[in-house]
Each structure stands twice: as structure tokens, then as C-alpha cells.
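The following pair of complexes shares a single chain, chain A, combined with chain B in the former and chain C in the latter.
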Partner chain A sequence: MSIHIENLSFSYGEKQILHDINLDIESGENIGIVGVSGCGKSTLLKLLAGLYSVQSGIIEVCGARRPEDIRKNVAMVMQSTMLFPASIKDNITCGHPLSDEAIRQACDAAQLTEWIASLPDGIDTFVGERGGKVSGGQAQRIAIARAIAKNAPVVLLDEATSALDGETSKAVLSALESLTRGKTVVRVSHRPEDLSGCSRIYRLEGGRLYNA
Partner chain B sequence: MDLFKKLLCKRIGLVVLTVCISIISIAVSLWWNAQLSMIINTINAYSVVPVSSIITAGVTILISMGASYLLGICSGWTCETLAHDLRMGYARHFTTLSITEIENMNAGEQLSRLQNEIGDISVFIRTNLFAMTDDMVRFIATLSWMLRLNPKLTLLSNAPSIIIIWYTIYSSKLIGNAVQKRQQANADMNGFADTLISIFPILRLFDATQLILKQYNEALERWESASISEESRRAKLMSLSALMSCIPLLLLILIGGTQVIEGSTAIGTLYVFINLSGNVSGVMMNMPGRIALFRRFFADLKRIEPYVSLPGR
Partner chain C sequence: MRNMKDIQRLFKLAGRIRSFIILTLLRCPFDALRTVVLAIFLQFAFEAIGKGNQNELFKVCMMYGIGSLLLFLYNGTVWTLYATYVTKWVGRIRRKLFKHISCLSLQQIEARPSGEWITRLNSDVQAATALLNQSLHLPHAVVSIVNLCVSSIILVVMNPDIFGLIIAFVIPHILINQLYIAKQMVRDAISVQEMAARNTTDMNAIITCADTAILYDAQDFLLKRFEESSLELGRANMKIQHRRALGNGLLPLMGMCGYLVILLVGGRWMAAGTMTFGELTAAFQYRGGLLTGSMMFINSMINIKTAIAGVKRINDTMDITMEE
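And now, the complex of A and B:
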């Protein structure tokens, strides 16, 4: 079992967001969760990522229950790409000692190699404050390359394809395919069409999870 | 510069009133010095000072005190009004933006701008703007009066000032460049704190704390280095300027003293020259610092100009 959620409830102060969620996901499975904005999808994903501590119930990711241990097993790509004000290389490695080969492979898989080769400073190019010196599609692919380089068994995608358009969309989708291949994947989106290819789709409504 | 003009034009009545009071104040001060010179010359001639002269001097002192009071009140009021207009212009700018523009803003940088540039501009306006205007009025009026009293002594004692002025322009340019570098480094550092908060989830998830700390440390070191460089450059240039500023007073005593011994100048006139030398050489002595402040003020204004929306802009 890759992910096990049992009687999970979560609230922000008085406001109850998630009620008694139960879910089991096998290794290598690709599931989707759909729901309207504000229904708690991102909260559930942040709990699964170990960014929030569980208030009530159990979350187990690859056998880990403590948030700091869960985080080691999870890679995440969000809709609003968050890049560090550093070079492309630092954004992929996050300061960890990765081999050049591992970085090259992550760039290839994220469809970044050709673009990086065209830059005067190559992979050492500064991406700017909040990734302001690169386009939205390029920033998204850098974030995907970062997730690929982490090589975590679980991949979480939070509206990762919602803001894509035209030419950008093709390259990012291809990069996401490389990222999710052979991994346990949980995708959340407010659009059901973004979840095509998922083996199971759930609907999150009123803080409860239903089969969609 | 455009923003500064707009600010002054918006409150032109107050600005003109303050400058007028400054002119009246220096006129009264020069009149007092003329009275003083006359009293010294009378005493030097072993004569009794007439009562009318003493009463006139007393009245002049009272008028001078009133003019100083009015100048303080009026310049303070004008400065606060200008600073208020500037802050309101900055706030008004945000109300004109679209939601996309607001979302793309870095709150840390905006806060930095508000705390640093607008704060510095307000302080400059409050403490320097009319002090500098007053200095300029004082300089022009005193120099003109000294030229009328004793052109030879005025020109000879103040001739080295031309070198000081040249040096002032040169040094203020160097200080201005250093100030701009330091301000940019400061904005980068503050913007970094905001970025840190917005990327926090990714920071935790990818365990990138060391990377970000390294980046922040580099930004901090850049700011430290820029600040030290600015202060060091300012200290070197200002100390040389202070040394040069002593020359006019030395020349004044040397040449003026010789003229008094020769009988071509009255002791009262020399006393007034020494008394008012601060209005000429003193202004020059302060010029490098003042011009550096003025350049910094304009650099700050230039940086915030796109973010200030004054009515009519």
C-alpha cells in the first residue's frame, strides 16, 4: 500500500474542511480528485505532502506517518509555480548534491534541454524573483524537473495543468508524463477533464470523499 | 524630477510663502550685522554709542526672532504637507492597479519601498529641503552684500571656493553612485524575505532551507558591502572637504587683518565678514553632504516615481 488514509478530519479553526476521509491507494496507481474551488482539495494534498500535521485520523505515505518522514517520499507540482530566486540548476537540485547526469536526465524528461542550451548562461541562468525572468510554461517545467530529480515514489499534482495554454501545454503534459511514469500519483483539479488517465476518480464535496 | 515638480506645484502657495519668509529672515539678519558693524566702529573710535542705535539693534533682534519663528512654523507645515501628498500618491497608485498587477507584486519590495524610499524622502523633505533653500538664500544675499561692502576682500577670501565647488560636484557624484548601489542591495534583501514566505511550502517539501539561507546570506553580504563602501567613500570625501573649507576663513583673517592694519577696512566691517563667513564658506563646507543628500533624494524619487499617482498625473 502506497497511501493509506483513515478517518481523516481537518479544520481551520472552527471551520471543518475534511470529514472522516478514508482512502487506500496502491503503489503505481494514478487517482484523481475533483471538486469546486475551496472544497478542501489542496488541503488534502498538503496533508498528503506532509506540509500540514494530521489533527484527527491517520495518513500513511510509503509507511511513514510523521510529516517530516512523509515529505521525503513525496514530490509535488502546483498550479502557481514557485521557483527560488536562484539558477535553473539550483531550482532543480534545491541545493542537494546531485550528479550532472541526474540533472541532465531531469531536464530531458521535463523537456528543458533544448531551451537551456539556447541560454547564454545555460543551466546557471538566474530565473529571477518568483521566476520573473522565465515564461510560465518554462517555470512549470523547471518545477517538474525538480520533482523528477527528487525521484520520490509519490507524486502529487495540484491543478498542475489548469493554467496551460497552446504550445506550452504540449511540452508540460509531456514533462508530467515523464514525472508520473511508474509512480503513485494523486491529482486534484476543479475540472474533470484534467483527470483523464486516472484509474479512479473521487469527488470531494462538503469535506467528504465520494466515488465520481 | 517630474514628481518633485508636481509635488511643489501642488503646494506652490506654501512653498513661495516659506521662501519669502526665508528672504525676509536673511534681510533682517544682514540688517542686524550692519547695526553691529556700526556699533563696533563707534566704540573703536572711542565714541559713545547713541541710544537710537541700541534701540534699533534691539528691535532688529526681536524682528529676527519673529522671522525665525515664522520660518520654522511655515517650513515645517509645508514639509509635512508635501510628505503627506507623497504618501497619499503612493496609496492612490495601488487603487488604480488591476488585480493581475497586484497579484504579481512582491509585498516585501513594496514594504521596503514604503519604509525606505518614501521614508527617506519624507525625512529629507522635513529636515533638509527648506534648510537647503534657506542656505541658498543666505549664501546669495550674504555674498552680494559682502561684495558691496568690500569686493576685494570678498573675492580674494572666497576665490578658493571655486575649487571647493568643483570638488563638491565630483564627490557628490561618487557618493550618489554608492548610495544607489546600497539602496538596490537593500531592496533585494527585503524582497527576499517576501519570496521566502511565498515559496515556503516548496522549501519544506524539497528540503531547500540551506539553499535559501545561502542565497539570503549572499544578499545580506551584498548589502553590507554596499553600505560599508558608501560610508567609507563618504568619510574620505567629506574629511577632505572639511579641510578645504578652512581656507576661506584663513584668507579672510589674513587679507582682512592686513587691510585693517593698513586702514583700508574698518574693524567693524572685518568683524561682520568673519561673523557672516559661515553663510558663504559654511554653506560651501556643507555642500558635499547636502548635494549627496539631494542626489539621494532624487535617486529615491526616481525609484518611486512609477508608483506614485498624484492628481492630474
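And now, the complex of A and C:
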């Protein structure tokens, strides 16, 4: 079992967001969660990523229950990518000592190699934190390369394909395919069509999870 | 010249230039008048003491007391009006800058790091408005020039030889300050503002990229970047402080040399009977006015040059036009 969620509830102060969620995801499985904006999809992903601590219930990711242990097993790509105000390389490695080969492979898989080669400073090019110096698609592919470089067994995608169009979409989808290959994947989106290819799809409504 | 144009643009941006000119003109006579009043007082007081005339000494002291009181009342009133003007002036610049930035397109905003914008709204405004609200600023430069001129004219009329001796020490001091301190200050101050922008961006990233940093265990990386840019900012600030210290170190050196030379020459003239003690005291007082004026001028220029960095960046921000 890759992910095990049992009786999970979560609230922001008085406002209950998630009610008694139960879900089991096998290793290598690709599941989707659909729901309207504000229904708690992102909160569920942040709990699964170990970014929030569980208030009630159990979350187990690859056998880990403590948030700091869960985080080691999870990579995440969000719709609005915030890059570090640093170089492309630092954004991919996050300051960790990765080999040049590992970085090159991550860039290849994220469809970044060609673009990076066209830059005067190459992989050492500085990018702004909101991706001001790169396009949205390029910023997202840098985030995907970062997730690939982490090589975590679980990948969480938060509306990762919701704002894509045209040529950018093709490159990002291809990068996402490289990222999710052979991994346990949880995708959330407000558009059911973004979740094609998922083995199971759930609907999050009123803080509860239903089979879609 | 370009710096003057930059300052002019900032004043146009804030508006009410006429009020500023009037207030500065009202402030102008104070230092010069104080120097004259004190010099006259010392001359007449010492002459009365020399003659042993207690009645005349009492009159001189009374006149000096009343004159000083009126002078300080006048000065206090002008400064109160000036402080109100400056507070509103700073507020107007900040408001206009904020309005301008908020009218820019998202694309333009995102083209620069967030720290750059925060610095433009905060520390650039602080740096630029130091032109009017630092301890020694633009009006002080004007006031010091008036004080310098008045003290110089009186000294030339009174004793051109002593004036020559004073000038021999004052001019090199001003030149050294302008060439080796104030001139470099603009470059150093611009570098401080740029470092401050990078530092703010790095600090901002710790908050805005918190989720990514936690998930990818990159907090140490971000903190290290913040530490590096903080150290760079510290080093840039240190450069400015070193230059200021150099300027402050020159002051007693040049001042003391001039003082000793005048004391020796004045003592010889007194012994020869060509100068009275009262005249020498008054000459020292005018020298004080001249030195205070030149010091005030030098320090005001250093502060103005430092403030220019902020002024240039504000003007640069106002030059960014809204994209269609």
C-alpha cells in the first residue's frame, strides 16, 4: 500500500474542510480527485504531502506517518508555480548536491534541455520567484524537473494541467508523463477532463469523498 | 547637473515647490545672523571687559540675550512649519509612487522580483526623502552657503589676512570631501539600494515559497541565500560608513591646524598692537561660522549624494509606462 487515509478530518478554525475521508491507493496507481474550487482538494493534497499536520485520523504514505517522514516520499507540482529567486539549476536541485548527470536527466525528462541551451547563461540563468523571467509553461517544467530530480515514489499534481494551452501544453504534458511514470499519482482538478487516464476518480464535495 | 535634474523631477512629483522655496528662504538667515550676533557680542563684551566698564558689559549682555531669544523663537517657528511640510511631502511621494506601481500591468510587475518593488516603495522612498528629513539635508546646504557667504564677506572686510588663512584650510577640506567622499557616495548608495532589493527578494522567498521549500527540504538553501545577501547588504552599508568616518576624521585635523595657525598669527598681531583681543575673538567667531558653514555644506552634500540613489530609483519607477 502506497497511501492509506483513515477517518481523516481537517478544519481551519471553526470551518470544517474535510470530513471522515477514507482512501487506500496501491503503489503505481494513478487516481484523480475532482471538485469545485474551495472544496478542500488542495488541503487534502497538502495533508498528503506532509505540509499540514493531521488533526484527526491517519495518513500513511509509504509507511510514514510523521509529516517530516511523509515529505521525503512525496513530490508535488502545482498550477501556480512559485520559483525560488535563484538559477534554474538551484531551482531544480533546491541546494542539494545532485550530480550533473541527474540534473541533465531531470531537464531532459521535463523538456527543458532545448530551451536551456538557448539561454546565454544556460542552466545558471537567474529566474524570478513568480517566474517573471520565464513563461508559465517554462516555470511549470522547472517545477516538474525539480519533482523528477527528487525521485519520490508518490507524485501529487494540484491542477497541474488546468492552465495549459497550445504548444506549452504539449511540452508540459510530456514532462508530466516522464514525472509520473511508474509512480503513485494523485491528481486533483476542478475539471473532470484533466483526469483522463486515472484508474479511479473521486469527487470531493462538502468535505466528503465520493466515487465519481 | 544630472543629479540636480533628478532632484528637480522628485520635487515636481511631490508638488508644492513654492512652499519649499519659501520655507528654505525663511530658514536661510538664521545661522548667518547667529554668527554675526555672537561675534558682535564677543567683540563688544571683551572690549567692555578690557575697559573695565561694567555698565556697558551689562547692556551688551542684555542685548545679546534679547537678540538670541528672538532668533531662536523665529527659528523654532520656521522649523515647525518645515517639519509639517516634510511629513506631507514624503506622504505625497509615497502615494504617487504606490498609485503608479499599482497601475502597471501584471506582466510588468512580474518582470522584476517582488523585493525590487517592495524596496522601491519602502527603502527607496526613505533614501530619497532623506533629502529633506535627514539631520543635515538640502535646506541645510542652502543655509550653510548663506552662512559661508556672510561670514566670508565680514571677515574679508574685517581682516583679509585671517580670511586668507582660514580659506587655505577650508578649501582643501571641501575638495577632498567632494572628490574622495561625496562623489563615491552615489555609487555606494545605489549599490546599497540594489543589495536591499535582492535581500528583500530573498527574504520574501522564505515566505512565498514556503510550501515548496518545506516539501523539497530547501529551507536551509533559502536561508543561506538570505544570509549571503544580508552580508552583502551589510558590506555595502559598511562602505558608506567608512567614507563618512573618513570625512569625520578629516574635520578635527583640518580644523585644529587652522585654529593653531590663526592663534599664532593673531597673537603676533596683538603683540604688535595691530589687533585687539576683542577683534581676534570676533575673527575666531566668524571663522567658526565659516567652518560650521563649510562642514554643514560638506555633510549636507554627502547626505544629498546618498539620497540621490533613492531619487534616481523613484524617477526610474515613474518612468515605467503602462503597457498597452
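The rule is simple: the second predicted complex is superposed on the first by the 211 of 212 C-alpha atoms of A that agree within 3 Å, B and C clash if a C-alpha of one lies under 4 Å from a C-alpha of the other, contacts with A are read in each partner's own complex, and residues count from 1 in each chain.
Convention: contacts are C-beta pairs under 8 Å (C-beta built on N, C-alpha and C of every residue); 3 or more make two chains touch, one makes a residue touch a chain.
Predicted model, so just to flag it, every value in this text is computed and none were measured.
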item: Superposition on chain A - do chain B and chain C clash or fit; value: clash
item: First (chain B), second (chain C), both or neither touched by A:104; value: neither
item: A:95 touches, of chain B and chain C: first, second, both or neither?; value: both
item: First, second, both or neither for A:128, with chain B first and chain C second; value: second
item: Chain B versus chain C as contact partner of A:4, first or second or both or neither; value: neither
item: Set of chain A residues, in rising order, touched by both chain B and chain C; value: 46, 49-51, 71, 74-76, 78, 82-86, 90, 94-96, 129-130, 146, 150
item: Footprint of chain B on chain A - complex, ascending; value: 46, 49-51, 71, 74-76, 78, 82-86, 90, 94-96, 129-130, 146, 150
item: Chain A residues touching chain C - in the complex, by the definition given at the top; value: 46, 49-51, 71, 74-76, 78, 82-86, 90, 94-96, 128-133, 143, 146, 150
item: Chain A partner contacts - residues on chain C that touch it in the complex; value: 109-115, 201-202, 204-205, 208-209, 211-218, 220-222, 224-225
item: Contact footprint of chain A on chain B as seen in their complex; value: 106, 191-192, 195, 198-199, 201-208, 210-212, 214-215
